[in-house]
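Chain lettering (A, B, C, D and E) follows the sequence in which the chains are written, and residue indices restart at 1 in each chain.
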Amino acid sequence: MAQSLSLPSKKAGLPPGTLVHVGTAPAQAGRITLTSYTNDHCHEKQVQTLEEILEHRRPGNTLWVQCEGLDIIEMVEAIGQRLQVHPLVLEDILNTHQRPKFEEHDNCLFFVVKTLRCTHDLKVDHEQISLLLFPDMVFTFREQSDELFHGLKQRLNNPSSRIRSLGADYLAYAIMDLVVDHYFVLADTLEDIIENIELELMARPQPHLFSTIQMLKRELVFMRKAITPIREVLLAVQRSEHPLLQDRTRPYYRDVFDHALRVIDIMDSYRDLINGMLEIYLSSISNRMNEIMKVLTVFATIFIPLTFLVGVYGMNFEYMPELHWKWAYPLLWGLFFCIPAGLLTLFRKKGWL
Amino acid sequence: MAQSLSLPSKKAGLPPGTLVHVGTAPAQAGRITLTSYTNDHCHEKQVQTLEEILEHRRPGNTLWVQCEGLDIIEMVEAIGQRLQVHPLVLEDILNTHQRPKFEEHDNCLFFVVKTLRCTHDLKVDHEQISLLLFPDMVFTFREQSDELFHGLKQRLNNPSSRIRSLGADYLAYAIMDLVVDHYFVLADTLEDIIENIELELMARPQPHLFSTIQMLKRELVFMRKAITPIREVLLAVQRSEHPLLQDRTRPYYRDVFDHALRVIDIMDSYRDLINGMLEIYLSSISNRMNEIMKVLTVFATIFIPLTFLVGVYGMNFEYMPELHWKWAYPLLWGLFFCIPAGLLTLFRKKGWL
Amino acid sequence: MAQSLSLPSKKAGLPPGTLVHVGTAPAQAGRITLTSYTNDHCHEKQVQTLEEILEHRRPGNTLWVQCEGLDIIEMVEAIGQRLQVHPLVLEDILNTHQRPKFEEHDNCLFFVVKTLRCTHDLKVDHEQISLLLFPDMVFTFREQSDELFHGLKQRLNNPSSRIRSLGADYLAYAIMDLVVDHYFVLADTLEDIIENIELELMARPQPHLFSTIQMLKRELVFMRKAITPIREVLLAVQRSEHPLLQDRTRPYYRDVFDHALRVIDIMDSYRDLINGMLEIYLSSISNRMNEIMKVLTVFATIFIPLTFLVGVYGMNFEYMPELHWKWAYPLLWGLFFCIPAGLLTLFRKKGWL
Amino acid sequence: MAQSLSLPSKKAGLPPGTLVHVGTAPAQAGRITLTSYTNDHCHEKQVQTLEEILEHRRPGNTLWVQCEGLDIIEMVEAIGQRLQVHPLVLEDILNTHQRPKFEEHDNCLFFVVKTLRCTHDLKVDHEQISLLLFPDMVFTFREQSDELFHGLKQRLNNPSSRIRSLGADYLAYAIMDLVVDHYFVLADTLEDIIENIELELMARPQPHLFSTIQMLKRELVFMRKAITPIREVLLAVQRSEHPLLQDRTRPYYRDVFDHALRVIDIMDSYRDLINGMLEIYLSSISNRMNEIMKVLTVFATIFIPLTFLVGVYGMNFEYMPELHWKWAYPLLWGLFFCIPAGLLTLFRKKGWL
Amino acid sequence: MAQSLSLPSKKAGLPPGTLVHVGTAPAQAGRITLTSYTNDHCHEKQVQTLEEILEHRRPGNTLWVQCEGLDIIEMVEAIGQRLQVHPLVLEDILNTHQRPKFEEHDNCLFFVVKTLRCTHDLKVDHEQISLLLFPDMVFTFREQSDELFHGLKQRLNNPSSRIRSLGADYLAYAIMDLVVDHYFVLADTLEDIIENIELELMARPQPHLFSTIQMLKRELVFMRKAITPIREVLLAVQRSEHPLLQDRTRPYYRDVFDHALRVIDIMDSYRDLINGMLEIYLSSISNRMNEIMKVLTVFATIFIPLTFLVGVYGMNFEYMPELHWKWAYPLLWGLFFCIPAGLLTLFRKKGWL
C-alpha cells in the first residue's frame, strides 16, 4: 500500500488540540512568504514572525501569507493567540490527514483541500492545503514548497489583473480554482494512461495489463475519495452567508463549483471506462485461451482415428488379407490424408474452426 | 478515446474569466444571424456588430441572435459590456466543455445544453448550445452552423404560429424542446443499432459483436452523462421564480421536463438492454465452446477403447489363441462398430450429446 | 424489440402543441360513450359532439365520458376550447407515449396511467389511459375499446353502490383502483410463468430456458418502468390540496397508493426471483458440463495405462522373456480388469466420481 | 413458489370496500376474547357480539379484544358502524395481503404488521396482525389462534406489571414490541441455519448446499420485504402527534423503533453472509473441479511419452540394432520408471501438483 | 459465526424495561470508580453506592463515575430512582446489544457507542460503552475493565489540561474522541493485515488466501455495521440544542464528527481494496490453472503425431519398402526431433506458449 490511509499512531494518546505536525512528508524547514498587495503595488518578502506580518495590515491592503513546510509550530501558535483562531483549527492545519472541509468561525473561514498529482507510471502525490481567510488576510499552509502557486503569483504581479482589486475572498477563490484546475491536469494524465492501456488491449491482452488496470482502478478509488468531498466543501461555501464572502465573489465560487462537478463527472467516467477495460481484458483472455484449447483439441481429434487405423494393421492375426495386398500400404497413406481433410472440412462447416 | 473528456491545457494557467475559445471543433468563422419578429412580421439578416442588433430593439419586437462558430470574441465582449453580462458567463459561452446548467442573473438567464447526434456506426457528435435570455432577446451560441434550427425558423416564418406571439421566454423554451426532441432522434438511432445487434446475436454470436456491444455500452455512458443533467436544468427552470419566465410559458417548461424524464428513462432501458445482450453473448459463446469441447471429447473417448483393442492384438505373445482363429479379424471389425454404437447410445441416453 | 421505446418520428419537426395522434396502435374509429348518473338514475348513450355531453350537465349529475380510439381530434379540440384545457394537455392525450403523470390545472386535474396485460407466452400489451377530472365530469381516453371498464359500469348500474353517491373525484379514484387492480392480475400471470420456469429448471435446465428467463427479465424491466411512476402519481395526488379532491375521497386515494406500493414490492421480488433463477440456471449448466467432462476424462484416464501395457508387449525385442510364458497373455487380461478396477476405486475414494 | 405474492383473484371485480375475507389460511371459526383490566383487576372472557364488549367500557378500564380467525364479518361490520371506522380500514383488516402500515384516523389509529416464524428446514409462516387503537380499547385481528400473545397475557395478570397502569396505547406498544421480539427469534433461527451451512461448506461443498443457500437467499428476500416496512410504520408512529399517543408512551415506541432498526441491520448482515457463502461455494466447487482435471491431465501427460516409446520398439524396421541387444528390454523398463519420476519432479517443482 | 448477531433468548418473554444484564461477556464483578475534579484538584476512589457519589456533588466539581462490569443492577436502579432516568435507558445500559445511539432526555443525555479491537489474526473484540451525561456528572458503563481510559485519566491528573476546566460535556466529548481514535487503531491493524495479504498475493496466490480474504471481508461487514451508526449519533449531537451541550464544546463535537467521517471513509476504502484483492486472487488462480492446462495440452499435442508415426511403422504389411531401408530407422529418429521442434516453433510464433 503506497499511501497510508489511516492516522499514524504518533498522535494517539495525546489530548485533542495538542499542536504536533502529523503528516506523511517529513516536515520541511518552514518558509513563510508574505505577499502584500493593493491596487497599486504588490511586493513579496520572507518573514519569520507573525508580528512582521501584522505590521503590513492597513486599509486597502490584502495580505497573503504562504507557509510552506509545517515545521512552524510557533507561528501557528502565534496565529492562534493573536488572531483568536480555535485550537482545533490549528491542530487541523498541522495534521495533514484531514478530509477536505469548510468551517465557518466568527472571525475567519477555514478551508482544507487536497491537491493530487500523478505521473504516467501511476505514482500519486497527495498534498493538503489548509487556508485561513480573514477579512484582509489569507494564510495558506502546505508541506511542500514547489511551483504550485507560480501562476497565481504572476497574476498578482500584473497590475491590471482582476485579482489585485477584489480582496482576500477573491484570493481564496483563486486558490480553490487553482486546486480544481490541477484536478483537470490529473484527469488529462489519467486519460493518457487509459488511452495507452486501451491501445495495448486492442493490440494484444497481456497479464501485466491486468495488474496495471487493477492498480489504476485502485488509485482511482483513492483519488475520488480525495476529490469528491470538494463538492460538499464548495456547496457549503455557496450556501454560507458569512460576511467574509462578498456578493461579488459568489459567482466565482459557483463557477469553481461547476468545474468541480465536471471533474467528478470525468472521474466517474474513468471508473466506468476502467471497469469496461477489465471486462474486455478478462473476456479476451478467456477467448484466446478457448481458441488455443479448441485448436489443440481439434488437432488431437484428427490424429485419433489415424492412430486407431495404424493400430489395426499392427495386429498380428494370421488371417488379415489386407496385409498381403500390394497396394494396401500406399492406399492407407491415401486414407491418412483423406480422413484429416474430411474431418477438417466437417469441423469448418460446423463453424468449429 | 474518441472524444476527450477533460479540459485541454489551452486554458491552464490563464486567470479565470479570460475570453478564449476552448473547444473540440476548430472555431469556424463566426456567422451571426439576427431574426427579429413580432405578431405581424418576421425578418432575418446577417449582422456583424452588437450595435446593429440593438437597433432592432423596440417594444413588441423579439430578437433572436444566432451566433454560429465561436470565433466572435469581440461580439461576446460587446455583449458583456453593453448588456452587463457577468464575465464568467462570457467565458462559459466560449468554453464548450461545460456541464449543462441553468444560471439566474439579475438581468438575464443563462442556459447551457448539449445536443447529441449519432450515426449508425456509432460515431457520436456532441455540440454545446449556450443560450442567453433577455426580456426581449435570445442569444444562442454554437460551434457549428447546420440545419439544427431549420424547423424552428420555419415556424417563425408562419404568421399563425404560437411562437410569434409568446415572446422571448417561449422562444427559449422552443429551443430547449428542439434539443430534447433531438435526444429522441438519438434514441431512435440507438434502438435501431440495438435491434440489429440483437438480430445478429440470435443468428450467431461472433466476437466482433462483443466489442460492438462494449463500444455501445461505453458510448451510452457518455451520452447519459451529457443528457441526464438536463433534468436538473429543467427542474431548476421550473422552480425558478425569475421574472423573465412568464406564467404562461411555465406549463411548456414542465412539458419539456416530462419529455426529458422520458428520454432519460429510455436511455436507462437501453443500458439494461445492453447489459442483457452482454450476458446473452457471453453465455452463448461459452455454450458454443462447451458444445464443441464436449463433442470432441466424446469423439476421442469413443476411439480410446478401440485403440486399446488393436493394441492388444498387436502384442507378440507366443500363446495368443485368437491370433490363429480364422474369423477373429472380421469379428474384431464387428466389435469396432459395436463399441462406438454402444457408447453413443449410452451417452445419448445420459443426455451428453 | 417488440415494443418501440422512443417517440416515432411522426411528431418530429412539428411545433409543440400540434394535435396529432401519436401511438403504437392504429387509431380506431372513435367511439364516445356518455354515462350520466345521480343517486337515483344512471343511463348511458353514444354521443358525437361535446355539445351533446354538456347538455347533461346539471347539479347533482355526474358525467363520465369514455373516449375509445383516439381518432377524435375534433372532440379533443372542442374540449380544449369549451372547457379551457391547456393545449399541452390535449397534445398529451393524443400522444400515447407519455410517462404516467399527474398535473394540477386551475379548472381540472389531468392523470396519465398505463395498463399492462401479459399472456402466458409473454406477449405484453400496453395501453395509455388519460383522465381529465372536472368538478362534475370525468373524461377517459383510450386507444382500444374492450372490457376493461366492464366491472365499473356494472357498479354504476347498481343503485346501492357507493360510487353512485360520491361524485366525480370518487369515479376518478375508482378508475385508478381498476388500473392498479389490473397490475395484480399481471403479477398473477407473471407468478405463473415464473413458477413454470422454476419447475422446468428443477426438472432439467435446458438452453431455451435461458432465453426465456432473459426475455422475462427484459419484459420485467419495461413493466417496472411503466408501473413504478404510478407511485409518484398517487403520492402527488395525496399531497395535492386541489379543491377538486374532496376530503372524503382522500382515504380512497391513500388506499390505492398502498396497493400500488404493494404491487411495486411484488415486481421487485420478481426481479430478485428471476436473477436467482438465472444464477441457478448458469450454475447447473456449468455443473452438468463439468460432470460430463469429468466422467469422460476419468474414462480416458483409465485406458491410458492399459494402452501403454499393450504397447509394451507389442515391442519386437529379441529378449522379452514374458512373450514366451504360457500364462502371460491370460494374466495380462487379468491386469486389464484389475487396473481399471483399482483406479476406479481410487477415484471414488478421492470423491472424483 | 411456496407463498403466493400477489392478491388472489377472489377480490377482483368487487368494488373497493366490500367486506370479504381474503387470505392464505382458511378462515377459522372466529373466536373473540375480551380482556378487561384496570390497576386493580383483570379478567378475560369469550364474547360473541360487539354489544357485550361495549358493556365493559367504563372510565379507568382498558379493553383488549382479540379476534382470532377472520370469519367474523358481522363483528367487523358492527365495529365499522358503532365505532365509526372507515370502510377501507375494515376491508384491510379482512384482507391479509396488506403491507405493514400505520394510519391515523380521527377516532382511532390503525396498525398492520406481519409476524414471521421459520422452522429449521426453512418452512416460513407469515401472519398479519391488524390492530385498532381506541382511547380505551385495542382490537387485534389475526387468522390463527396460537400462543403468540401468551406472555403478554401473563403480564396482564400480574397486578404489579407496568402494563396494568399505562392504558391502551401502552398495550398497543406492548403488542408491537412482541412482534419485533419475534423477529429476533426468527433471526436466531436463521443464524442457526446459516451456521450449519457454513460448517457443511467448510467440511465439503456439495451440490445440495447450493440449492439450500439459494433457497435461503430467496426466503430472506421475502422476510426482508415483510420486516423492513415496520421501520416506516414505527417512524410514522413516532412522528405522529395524534392525541391517542400519550407522551409517557412515546419513549417506548422509540425503543421498539430502535429494536426494529437493529433487527433490520441483522437481516442485512445475513444477506451479506449468504452472498459470501455463495461465493465461497462456487469458488470451492470450481477449485475442486480444477484440481481433478489437473491431476488427471498430469496423469495422462506422464503416460504419453511412454506410449510413444513402446510404439518405437514395436516398429518393424529391418535394421533396428536395439532390438537385438540383450539388456534393451530391462533398460527400457528402467526408463519407464525414470521418465514418470522425472516428469513428476518437474511438475512438482513448477507447482503444478 | 464468531460473534452472535441477534439478541439471545435470555430476555425473551420478559416485559420491556426489566433490568437484567444481557451481553456476550459474563458480567464481571462490578467495580465503580469515582473521579472528582475541579480546576484545582482531582482525586479518584472506589465507591459502592450512589449515595457516596452524590456526596461529592458540589458547584464547580465535575464527577466521572466509571462502572466496569455490569453486575451492578442495584447501582443502576438507584440511578434510575434518584436521578429520574427513564427505565428504558436503564435497560439499554444493561443490555449490551444496542445500536449506537444518542437520546435526549429532559435531565440527561444518553449515548451508546461501540469500541472495536482486532488482533492480527482477525479476532475481533466488541464492547459497548454507555454514557449518561448530567450537568455535572458523567456515568460510563462497560462490561470489561481494562486500560481503555488510561490516557484520559492521565490528562485528568494534569492540572494544566484543558479537560480540567471545561466541565462534564467536554468530558463526554473526550470519551467519544477516545472511542473514535480507537477506530483509527483498528484501521491501522486492518491496513497491516491487508498489506500482508497483498504481499502474499503478489508472491503466490494460494487457496488459504481466499478464505482469509473472505473472512476479512466478512469481519469488515460487521465492523462497518458497528462503526457507521456513530456518524448519525454525532450528527444528532451536533444538531441537538439541548442545554447540556454548551456552545464552547460544540466545535469539539464537530471535530470528532469529522474524524468519524474519515474513519468511515477509510473503512469504505478497505472494502474496495478487499474486493479488488478477491478479483485479483480469482483471476490469478484461473490464470495459473489455464497456464498449466495449456502447457500440458501442448505437450500432449506434440507427441500425438509421433505416436501416429511409430504406429505406421509397426504395421505388418508385406509390401512396406521403408522397412527394408538401411537408414530408415535413424532418419525416423531425426523426424522425432524435427516434428516437436517444428510444432514448438509454430506454437511459439502463434503466441500459445
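Convention: a contact is a pair of C-beta atoms (placed from the backbone, for glycine too) under 8 Å apart; a residue touches a chain by one contact, two chains touch by 3 or more.
Note that the structure is predicted; figures quoted are calculated from it, not measured.
> Give the chains in contact with both subunit C and subunit D, ordered by label.
The shared contacts of subunit C and subunit D amount to nothing, since no chain touches both.
> How many angstrom between the C-alpha centroids of subunit B and subunit A?
Here subunit A and subunit B have centroids separated by 27 Å.
> For subunit C versus subunit E, what separation do you get between their C-alpha means, in angstrom?
43
> Enumerate the residues of subunit B that touch no fewer than two other chains.
293, 297, 300, 307, 311, 314-316, 320
> Report the order of chains around the ring; begin at subunit D and proceed in the direction of subunit E.
D, E, A, B, C
> Flag every residue of subunit C that touches subunit B in the complex, lowest number first.
Against subunit B, the touching part of subunit C is residues 1, 4-9, 12-13, 15-17, 86, 88, 92, 97-99, 101, 103, 204, 207, 210-211, 214, 217-218, 221-222, 225, 282, 285, 289, 292-293, 296-297, 299-300, 303, 306-307, 310-311, 313-316, 320, 322-326, 328-329, 332, 336.
> Per the contact definition, I'd like the list of subunit B residues that touch subunit C in the complex.
Subunit B residues touching subunit C: 151, 155, 161-163, 174, 177, 181, 184-185, 187-188, 191, 194-195, 198, 251-252, 254-256, 258, 261-263, 265-266, 268-270, 272-273, 276, 279-280, 283, 287, 290, 293-294, 297-298, 300-301, 304-305, 307-308, 311-312, 314-320, 351-352.
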